[in-house]
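Written out below as structure tokens is the structure these notes cover.
Just so it is clear, A, B, C and D label the chains in written order, and each chain counts residues from 1 on its own.
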Amino acid sequence: MARVGVFVCFCGANIADFVDVPAVVQEAKKIKEVKVAVEYKYMCSDPGQGMIRDAIVQNRLTSVVVAACSPRMHEKTFRKALLDAGLNPYMLEIANIREHSSWVHQKDKKAATEKASDLVRMAVAKSIANEQLHEISVPVTKRALVIGGGIAGIQAALDIADAHIPVTLVEKSPSIGGRMAQLDETFPTLDCSQCILTPKMVDVASHPYIELIPYSEVIELDGYVGNYKAKIKKKASYVDFSSCTGCGACTQKCPVKVPNEFNMNIDKRKAIYTPFPQAVPNKPVIDAEHCTMLLKGKCGICAKFCEKGSINFKMVDEVIEREIGAVVIATGYDLWDPKPYEEYGVGRYKDIITSLEFERMVSASGPTNGVPVRPSDGKVPKNVVFIKCIGSRDEAKGIEYCSKICCMYTAKHAILLHHKVHDSHAYIFYMDIRAAGKGYEEFVKRAQVETAATYLRGRVSKIYKKGDKLMVRGEDAQIGQVVEVESDLVVLATAVIAPKDNPALARLLGVSYDKYGYMSEAHPKLRPVETAKAGIFLAGCTQAPKDIPDTVAQASACAAKVCGLFAGDTLKKDPMISTINNEFCSGCQNCVKVCPYQAIVTEEIPLGHGSKELRTVAKINEGVCQGCGSCVAICRSMAISLAGFTDPQIINEIVAI
Amino acid sequence: MDYSNQIREIASRLFTDNKIDYFVGYKQNSFDDSQVPFLFTDPAKISNLVFTEKSVFNLTNYLKPDHTKRKRVGLVVKGCDSRALNLMLTESQVKRENVYIIGICCEGVLNEKGEKAQNCVECVMSDPVVYDEILGTPSGKKGYTINADIKELADKSLTERADYFEDIFNNCIRCNACRHSCPLCYCAKCCIDQETSTLYHGANTSSGAMHALMTWSLHLAGRCVDCRNCEKACPSHLPLHLLHKQNESVIYENFQQHLAGMEKDDRGAFYKYSLSDPDDFIL
Amino acid sequence: MNVFIVETDKAGLQKFYEEIIGKFETYAPVEKFGKYDYKRVLKLNECEPDSPIETTMSVKPLFFPKTAKIMKFLESSSGTTLSEIEEDPLSGKRVILGVKHCDARSLQVLDHVYKWDYIDTDYQNRRENTVIVSSRCNKAGSQCFCTSLDYDVENSDAHDVRIIYGLDGKIYIQAVTEKGITLLQTSNLTNTASASNATEEIKKLYQSFESSFRLRMNYAEINAKLQNLYDSPEFDIVSSNCISCNTCAFICPTCHCFKISDEKIKDTGVRYKSYDSCNNGYFTLMAGGHNPRPVKYRRWRQRAMHKFVYYQDRFGVNLCVGCGKCAISCPVNISIFDVVNQVSKNAGLQN
Amino acid sequence: METEVKEAQSKIVSAENPDLTAPADWQPVIMGILCNWCSYAGSDLTGTSRIQYPPNIRIIRVPCSSRVDPWFIIKSLQSTADGVLISGCHPGDCHYISGNYYARRRFLVTKKLLNFVGYHENRVQFSWVSAAEGPKFAKVVAKVTDDIKKLGPLHRYKKENF
């Protein structure tokens, strides 16, 4: 038999002025289950809570209704009061008579009072159907998995590891470093990318709390927040890293030459190679697609010259498992292939290159030792045309969005060009200049003033060859005329796009991704770091195009989230989640279909008492369920109920007035 | 259409090859020319099997554990029946390996008056959508037509409609024959009968009947295949198809022309959504 | 009992009906959704008391309605207070026209259970205040087998007045009980036919009716056999086609199982009593979770045995009146007639 | 075609059965079911910004509009309520990613079905109200209340009538 206590709050004048509180108390007293109904100035105050605690004890109350402000205000406060009085905190219901009555019906006290009484009735009726609930605690494995070893992954890994939480960093290429390692200098300060990145890379390699697994990929992820199990495929490198000293003899002697992807295929690398001099780990790997030994079974020169005998052609892919509690996705970005721009002669004219190719050229450690040259004849270009928004903001050929970083790096390129080739001149075709960011606008000014780059507002319509020059025709919108620029080299600022593997990875991890293939954040404003799947976070361009500062910031945010998640030994979870009543479950599995969190699985249970025959029923994964109730409403046999919002509770409210 | 002989042959083959434990077909009624479902385990009874345009009842109802106890069943399905079966398979009520399906390319069955039944006139898919063996020649998917009675009622005034349906709910005796004859009402215990829940509305009043029938029809919305077992079973002869056809038409018009049970693994309109679903009715 | 017969014709009968409808709260077969049921009528043209078609529901709902309020309750700080239902909608002075004799008989059968351990006063009032005017069948329906059972169809006193459709348009109105006699005497019916020659004709008519039956059984034998067939495997076979849809029980004139349910709004509620059926899978489900009749053959056994054995044992009458309504309404045409026959026949073979 | 709702100056006529009327000052009861994250927060905002709206609505809090079983609507209409308002997050804003999309489908079918069996279409209404749309919530409630006042009291299938 339910024994309910009703506590009506004046909230100073907030409620009392517009609702006849004593009348509400009198109404409440009429309800059968109500054993005590009282009013007080401020229920949330200590004396107020004291009243509640005493009443619970004196009247042996089974549930409590507080008629006051919105539950979003003080639910926690009053739950604690119940707990202190030895009552299950979830036996509390709140009648929101301030936000929903006194504040919104200030002209009609009678009606406001009636409504308040009804809200109290409803709350009482609901509370009668309340069940005792207990916080769910899920154990956590305190190890984070970081996918991607670019600056985002590196930063996240380091920050997490610095909190003495073990990190497994998985990088698909032979070395960490990512795109940033390919850059020469970085805007807006023009400090050398390598100089600021490589120390961090070394830290990663030497950090006691970081397990670096290069040349490998995540192929499977099971479980739920705090309790994931990841399968990681280590691709065969054919080099035993433990014994290899990275002397490089093998690489020198290898006869096979392959286009060097790290240098955007401008020069060649060997079949056994380290991607770049500062690579971490600085150990070579054999590129199985090109190694003659692996393809034809002949050669093996590298093995001959390896003093340590670290080369092992028999090596095979290996799958390892890691138990982890959280995942950070930092898979970075790709660049859009400008082929569709036929009118520019992309593909036909050698001297049209992408900005990352330019970036490699001007890089001191790059294929041309820091001097930009024309691919066609190796001459140093004088007039260089930079064209922005290639693929970006272009629904016809490319994608709708703005790639965010092109304005800045193009300005940077203009400056770098000036540094490397003093008598050169840069022309920049642009749609807008988007230089929002600390020191960015100044940086663009610097390009325009110091290096006297010519900024031409307008789209390029055509590029054609005249002698060994490229004639770039476009419109200068400011003077409203067609201009033609005679150039030696054309650099296309191609759009930033999501890595092509992102959707596959997203599906594998069970997170959602947008139509471009970027990973989706849980909330565009308030949860930009989390995914909808608890315990999986996003860092860097895998979520959307970003510059380095933003990427690093988001990576550190991920680290903070992970540390927060691992703060306790168990994860505390709100018990207001779904539960399945096997007796009624007919196993149609429609709930599995509609659950947005893949929180529902199936299990086999005996058909009847002690029968061998099995039947399938749904099973809620406590760790994953977020308590939205979608499954409850679609369950035709009412086998699912959502704690805190059960059908009886809600129907009680409906029929209470 | 008369496939009696073919079905008898298949049935005896299935029994001799020990492919099935039960066979569900139709047999002639003892006292008039109507037919009744015929569930049997004894091959000797095969000779009673018939199939003509009087084979009305949707036999997939017998796949419920109550009747065939999760054993191997051979059964005859018409177009609409096979759609129901499709859903039962998708909703894992039946194991595919446990049913041997004889699909009939249906030419429409007859109602009591001997005319082609309304649901057959408006039938969209008279060919079986899932089967092991098919009899007759497929005629393909046909265009969807909004049920004639729905149209008629929609033109009536609100009060007329309200009176009409109140009459229906008043005449319901809540025997639940509609439910038990529906192959897709397989719940372990129907929500409407769960005395334990506050949702329970056991009284046999018109409000109780309205509550029960409306909920029932909403649980079948996007799943009902219009076989009209419910109507045949209803002792009060209530036009139950109205509720289902209404939902069906709304769903067809608004949710990518969805029709129940047409494709494998389609769970029905309420278990998926589209970003472009109508939103204009929401303030 | 002094037989009171009035001879008249179609027109006279019509007048008689109209007079009754004018005088009393009258019920008669009315067509709705293509089937006939006993409904309140205010004008003769609304109903068809002479229709040969059997009604889907029997007269049962007029005495044991599909749902009825048992009591009201009010919840307040002082606890729950119960209150009687002030007005029974079926307790008025009533006449029912066009009742088939099987329906009339069913009431006699039900009377036993309603004045057994607990006297259902509502039911008693309804019975006392109701005059039943039956119209005799001249031809048996496809599922009828009333004549094979434990009561004398022709000389039954289950009805108060009986309409007999004689040859060449002659119609006899026969009062059978005191209630019936007063009804006739107080009516403006004239020319009392000499009982004798009428009864001759009536006898003849009955013979032709009797000979029109398709279904016949030896009731005594079946009743005797079933006594020891509780464990007969036949029940499983005869019930195999059943889809447990409950229709039979709900429309059966003598089934009288019910369930109780409360409907509550705010602080007031009503307790209802509504039909239920033993064919229902969880009719016997107990709070503890045990269900003695989880499978349908057990439920069918219960149904058959209750109708043909248990009730007979307790009250000395058969619970089935042979109206065949269940077979007609059954979506898979299972007939209690076939069930009891098959079970007892095949069991006979086994012994 | 809907029946026109005639409003005599003296009394309100029930839309579903014209022979039933109510005095002109009759006040309907409206059951409001709001999702916790958007609409309930929005209604709180209406309160904190002291925006006034008619007092006829009684609010029930559910985690998500997808928690709303059509049963709740039917049950409300059979109980005291003369109308129902259900409100959730705008499409795309659902706190639980996709809840309101599933709900939206059920709502449309339920609304049409209820109208089909003889409830005026305005008896049951739906809205998307975000946590920031305090003013909108007030507007919505005002509109719905006004609509339902015009429709008059709901008598059909009311439990107390039986």
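Basically, contacts are C-beta pairs under 8 Å (C-beta built on N, C-alpha and C of every residue); 3 or more make two chains touch, one makes a residue touch a chain.
These numbers were taken from a predicted model, which means no experiment stands behind them.
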Which of A-D and C-D has more C-beta contact pairs: A-D
Distance from the mean Cα position of subunit D to that of subunit C, given in whole angstrom: 46
Gap in Å, rounded to a whole number, between the CA centres of subunit D and subunit A: 38
Whole-Å gap between the CA centroids of subunit A and subunit C: 72
Centroid spacing, where centroids are CA-atom means, of subunit B and subunit D in whole angstrom: 34
Where subunit B touches two or more other chains, by residue: 189, 199, 201, 203, 205, 208, 270-271
Junction residues of subunit C - those touching two or more other chains: 263, 265-266, 270
Contacts with two or more other chains, residues of subunit A listed in rising order: 583, 594, 634, 647, 651, 655, 657
Chain contact topology (line, ring, star, complete or other): complete
Touch list for subunit B against partner subunit C, complex: 29-32, 34, 36-40, 57, 61-62, 66-67, 167-168, 171, 173-177, 179-181, 189, 193, 195, 200-205, 208, 229, 232-233, 235-239
Subunit B-touching residues of subunit A, taken from the complex the two chains share: 129, 583-590, 593-594, 613, 616, 634, 636-639, 647-648, 651-652, 655
Subunit A residues within the subunit D interface of the complex: 70-72, 96, 98-101, 103-108, 111-112, 114-115, 118-119, 122, 512, 532, 576, 594, 596, 626-630, 632-634, 642, 645, 647, 650-651, 653-655, 657
Residue numbers on subunit B that touch subunit A, as the complex places them: 70, 91-93, 186-191, 194, 197-199, 219, 267-268, 270-272
In the complex with subunit C, residue positions of subunit D that touch it: 79-80, 159-160
